[in-house]
Amino acid sequence: MTSTPHNPANTDILVVDDVVVRFETQEGPVIAVDHVSFGVRQGEFLSVIGPSGCGKSTLFNVIGGLIGHTSGVVSVGGETINSPHQSIGMVFREESTFPWRSVTDNVAFPLELIGMPKAQRIERARHFISLVGLDGFENRYPNELSGGMRQRVSLARTLASEPKILLMDEPFAALDEQTRLLLGDKVLQIQQQLKQTTLLITHNITEAVQMSDRILVMTYRPGKVKRIVDIDLPRPRTSEIVGSEAFGRYVAQIWADLREEASRGMRDEEEHALHHVSTT
Amino acid sequence: MADTSRVTPLPASVPVLSPVTLLRLVIILTVLAVWEFLSHSGWLYRDVVPSLLAIGRAMFDLLAHGEYYFNLAVTAGEVGAALAIGGSLGLVVGIVLGANRFLSKAFESYLYYLGPTPKIIFFPIMIMWFGVGPGSKIALGTLSCFFPVALSAAAGMRQIDKVLIRVGNSFRASTAQMVFKIYLPAMRHPIINGVRLGLGVALIGTLLAETKLSNKGIGFLIIQAYSIFDMPRMYAMLIVLFVLSIGANSVVGRLGGLDSIKRS
Amino acid sequence: MTMTATTPTQRFRLSGALPALTGIGTLVAFFVLMEVFIRSGGLNRFIVPPPSEIIASFPRIIVEEQVLHRFVLTLTECLTAGVMLTVFGVSGGVLMHRFKLLQQACETWIAALASAPVVLCYPLFLVIFGRNAWTIIMMGFVSALPPVILKTLEGISGTRKVLVNVGRSFNLTPTQQFWKILFPAALPTIFVGIRLGLIFALINVVGVEFLINFGGLGQLINELAERYDLAGTYAAICFVVLVSVMFFMILEKAERWLTRAE
């Protein structure tokens, strides 16, 4: 059930090899990502899970090419990543639709960048809008949509650029639990339909188990790979799986790993706060 | 800028000035150089751009004579009175409007739309009501600063976090306790911001009124310099006036713990 | 009260209109009281003319004093200043955002200038530009410039980080990043800046017209006051206040319309 965390196979489409990210802060250097290695296989859904402060968002930014890393290599299809790569499409945790563009224009944004003619890109955009289930909302503006719908617009916008790898940073974090589950279903359905290679960063165990083929558990600061768990649940999956016994076992197993890290994080934060009080 | 005052010897390769300070110096020196060049070029109508030396001398003259301080005191007194009257009226009206939804709906839009109208045009009326002396200037300043203070106080009253009020009520605080321990502390920032805006417009109202009709005050001195075409003196007075008003504004901001002269 | 006869929805609507009616009612009552008070000799009618006299002098002012012409003149001056404000203010803000060093060096200066009584420079402008419309326009322009620059800068720098990151994740060039992300994101704030700028411009244009006795509506007030045309002065002041309130309302509507998507 548990595979070895290191030695990425060379069939992997995305390879993270021995990556270290160190930040210089006022209180000295902080290692956010500590010698992390893993690979993402073609067509696979891999989740990275960890307590807050484990550096998973840093990892997201590094793979997306938004920030640099101190050492190690990130490569996609053999090409090293130092800046945003066209094969990787990012979906952000925060609300990231363009408020000044209609749903269609938001989704057509990446197509506009490659100079696709207007009629064609509107047609393509329609396709992806329909894929995320927003038919009928093409001409609406983001402020007329709910949070969940806006996040679907962001997803459609990223999918429209047809990335080899879909990279998502807690895309459902700002949503309520029911919306989150239903939107999870939608993502699963799309992922299975497009056979989209997906890397999801999350701190939600249910979400991770529900969607993933494999889950990578990270340790609390410095962020290392603690374990990679294969999720051997039948596909196609929906949120109904959440009730099954096998599902519960996976959740319990990952929680056992995560609990240790999360409580370590909590202790650390308490000490930090205490230290802060005594120095100020 | 702090690093320029450091006297510890630095290696030659390290610049003593930060790039920002350097750029500021470059801008200031360029402006001064262009100014001085223009003043000597004779391209412009005489004395529109007096030489820096003349302005410096005028400023020295200005600050060395008691006359300026007397007029400054007159203007400061007028602005202070305007701020005290208009500010306290504004505060009371604002708190009442902020506390009462009905009154706010009935009257606040009038204040909101009358706020950004020119106030100096009321000066002829103020002269008829309060005479040509300081009274009419104070009245104009009062009229100017009433609106921003009232509107800020009303908005500040409404934006108090409702949970703070519930907390106060849950401890069975009396009305006076509520006002002094919950409402006013929670409204401190919008009120100070309103006073800052009020100070700015009261200053403008009072000074403009002085330039229109008066026989003392800074506004009077400026228009006097204009009428005898003493340009160096006018520049000197405008510079001193700007420095003083920017200083006053940031002092009020500091009092409220606001970021001094940031965008309003 | 006939409240008993109204349906709940009607009552709801009535309670919605009640505050507005109270406001208007108070205003009307105030003027009626003033009228009675002044006519009964409680106030000197040569200091405060009765409201009816002020209203009666409106047509006279409009016909004899070429109010329409003056209005157009003031509006033209104001809009000229507005065009200059938009061009120089917005490009100034963009420039300062583009060159961070310039922003670090100058932003506090401009913020300080925004809190200085710039309009007091009008005698200076009178010397530089002479007694003509340019003094008025330039004064309106200069005194309203700082907020436009600062708002533009605020809008661009205030672009949410995630939108900037979206642009970066799509590999935008700096030019694309500016035109497709930063500028549209800043546009609502820039509109606020331009609206503020136009309001300041109108206030200062009218003020300077009054002070230097030249041009449109501001001069009208000055002239009528110098002629001791009391009712006329009051009427003209009311007219100018109404014009500025309308101007303010139209600008708000325009801004709401322009930023309707957000």
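Labels for the chains are A, B and C, by order of writing; each one numbers its residues from 1.
We take it that contacts are C-beta pairs under 8 Å (C-beta built on N, C-alpha and C of every residue); 3 or more make two chains touch, one makes a residue touch a chain.
Everything numeric here is computed off the predicted structure, so don't read it as measured data.
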item: Category of the chain touch graph - line, ring, star, complete, other; value: line
item: Comparison of B-C and A-C (more C-beta pairs in contact); value: B-C
item: Centre-of-Cα separation between chain B and chain A, whole angstrom; value: 51
item: Distance from chain C to chain A - Cα centre to Cα centre, in angstrom; value: 48
item: Euclidean distance of C-alpha centroids - chain B vs chain C, Å; value: 19
item: Set of chain B residues in contact with two or more other chains; value: none
item: Residues of chain B touching chain C in the complex; value: 19-20, 23-24, 27, 45, 48, 102-107, 109-110, 113-114, 116-118, 120-125, 128-129, 196, 200, 203-204, 207-208, 211-212, 219, 222-223, 225-226, 229, 231, 234-235, 238, 241-242, 245-246, 249-250, 261-264
item: Residues of chain C defined as touching chain A within the complex; value: 160-163, 165-166, 168-172, 176, 180-181, 184-185, 187, 261-262
item: Residue ranges of chain A in contact with chain C within the complex; value: 64-66, 83-84, 86, 88-90, 92-96, 98-102, 109-110, 113, 141, 143, 161
item: Touching residues (chain side chain C, partner chain B) in the complex; value: 18-20, 22-23, 26-27, 47-48, 101-102, 104-106, 108, 111-117, 119-124, 126-128, 147, 150-151, 154, 199, 202-204, 206-207, 210-211, 218, 221-222, 224-225, 230, 233-234, 237, 240-241, 244-245, 248-249
